[in-house]
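The following pair of complexes shares a single chain, subunit A, combined with subunit B in the former and subunit C in the latter.
Our next item is the complex of A and B:
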């Protein structure tokens, strides 16, 4: 029986009168690399934000390693909001990488990466620096430890953001279109890092438009449309023989775009 | 008439100048604290607190500072609230400038992208830590230009307190002129002192801003 890293049960999200997620059920096991595909506006970002409780869902529950996220359940079954401190602690176990990097510009690369380990995990600054340097080696940015984010390229900034998340030694990583705001020639260096993590069996949920990445590095593909999971299957199945008409159309559109502009990675060889 | 007529009065002028500086520093400090409280109240308070802050801001923004000063000094005593001249002056400057400073603070905080706050939440930082370690360090640098402009206004407006006989720089200058009959020389000197003081202040703040925002890449002009 695989261990569930994160699980959503009947997660629905309303913005005003608009329902953007409709009772999502998804269970990600340890070691899975889930690529989430779907047209713009289909609810992919909202799903990630519900999974991390940045946007608590209107309905439903999320479980992190079986533990209810954001909600305290009393022995008599009564539910209440989890205390801010406990929620913060839970969130620290989930790494999140955003499309827009969201590095803290007033801190150096090292400062960005050691902030969590020192402030949240209580590591001594020396220990945190050591941990940060090891991770920076992994993402190929050890030389930039004392640089400020503004002096880095987008690809470098995103790799620092990944390093920042990794430094917390999270139980899983959520990526929201990590390469979508990058110049095409910088996409490869970020995908390389994510693929390295995939090879290490890091549990990941990656919202992406990179078809090549999804088909090669993911162990599972989820296709969303209209706030619903339309397909949840193996990459090989999804790309060779999508079950749904909507997935088929999405794939055709995306592949046509690929044929036109080429894979982002071809630039890099 | 020549400049040497002023010399015997230089100690008086210096006293007035120092009084102005004292009032300005005190008012700036209380106005900044009040502004911070206003910002916090409208950010975290309930609807009633927010409405009170909004009403206060509206009232202040609709009043000339001179009128506010007269209300505090001449009207409030009718209701049994009495202040000495200096206190009335500091109170006026504080009440008048805190909404503007609150707006500068609010704008600077809002300019810190929400994504940075969410990244901090995902790392597990608490809301207070996020404020102290992520938002405030950046907001400080961001608010300096607008706050400097506002505080320069505050320093200049200390001269208004002369109308209720606070013995600040402008008030003392008027008295000196009535003794020396040298308005040209005296006011020229005083104007120069005001100007140099404010220019120094501005330079200082600009240096501080550069220091606090050295993480931002230098903007190159071509």
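Our next item is the complex of A and C:
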């Protein structure tokens, strides 16, 4: 039986009186690469933020390797809020990459990557630097170690953000539209890194509009609409024969846009 | 008009007093910075109680004259066992007063740090305190450097108030010399130049700091 990396049980999220997630159940096993698709406003970002406990859901539970996030459960079953320190430690086990990179501009590339390992994991600065350099090689940015984020292109910044997440050696990575704010010619270099991670069987949940990526690199596709998971299936099934009318319409729209602007990959090669 | 003999006699005393003025400015500015950073942090991240505490502090300091605050601190220290510490009282009073303005300066600069950076820090597993110390405050400090310099120049110009509790800073020393020599224009013009020089040094320092942190600007 596959080991569950992250599991959401009945996760609902309200903003005021607006319910944007409706009792989401999802279970991601180790080594899976899940592409999350869906129209804008369907709750994809909110789901990722709940999964990482960045914004705790209004209802429901999330389990990281079977361990309840954000909630301490006493032997007698009583629940209380987890201490801030323990919650921070849990969060450090889940890597998150944002659409807008969110690098810390006052730190160098190396500083961005070693911050967590030193401050959270307690690595010695030398160890952390070594780890960071290895990862920078992987994302192809070793030469930029001492650069400041503002001097990098969007694609480079996003690769640093991925490196920063990887340096924590997280149990899984969550990506929220990692290429959506990039110029088209920079999308490929970021997808290449994510695909490399996929090939290494890194557990990932990737919210994306990149259909090619979803169909080629993902092992599973989740389609969301209106705060619900409408389809949860294999990429081949989803792209060839979506079960739901809503997914069909979404695919048609997206593919039409795709035909118009082309795949970033084909533009590149 | 200007009596150079009197002036040359007075200069050593004014020089010594200038050191006191500089020390008082530095001490008060340091207090202002530390208290302002704490107050801004508590206001923005300390829940409703922290918010109320910080707002109360700011409005108390801004709503009463510094002159009165100085007297309150000076006469408030002996009952808690601190006697004859006019310099300490002045540094505390001026520093606490300025801290209210530093709170507002840092608050604005802190709010200018994009939320996403804090979320990234949260997902990395940094705790609240470390996010403040290592991500928010360094950036807030850089962006608010020009405003802080202006504030510390005001601190410098507030130091003459310390003469009311007999701190021998420049202005008080000038008054003492003038009462002995009756040569007001020589003494007070010299002192005015002294303040300008100190302010210049302060601004130069700040500008070189700004230059050195420019690469961190975004």
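The working rule: the second predicted complex is superposed on the first by the 269 of 269 C-alpha atoms of A that agree within 3 Å, B and C clash if a C-alpha of one lies under 4 Å from a C-alpha of the other, contacts with A are read in each partner's own complex, and residues count from 1 in each chain.
We adopt the following convention: a contact is a pair of C-beta atoms (placed from the backbone, for glycine too) under 8 Å apart; a residue touches a chain by one contact, two chains touch by 3 or more.
Because the structure is a prediction, the values reported are computed rather than measured.
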item	value
Simultaneous placement of subunit C and subunit B on subunit A, clash or fit	clash
Subunit B versus subunit C as contact partner of A:148, first or second or both or neither	both
Touching partner for A:98 - first (subunit B), second (subunit C), both, neither	both
Partner chain(s) touched by A:116 [first = subunit B, second = subunit C, both, neither]	both
Intersection of the subunit A residues that touch subunit B with those that touch subunit C	52, 54, 84-85, 88-89, 91-96, 98, 100, 102-106, 115-116, 119-120, 148-150, 161, 164-165, 168
For the subunit B and subunit A complex, residues of the former touching the latter	113, 115-116, 118-127, 129, 133-134, 137-138, 141, 213, 215-217
Residue ranges of subunit A in contact with subunit C within the complex	52, 54, 84-85, 88-96, 98, 100, 102-106, 115-116, 119-120, 148-150, 161, 164-165, 168
Subunit C - residues contacting subunit A, complex	114, 116-117, 119-128, 130, 134-135, 138-139, 142, 215-218
Sites on subunit A touched by subunit B in the complex	52, 54, 84-85, 88-89, 91-96, 98, 100, 102-107, 115-116, 119-120, 148-151, 161, 164-165, 168
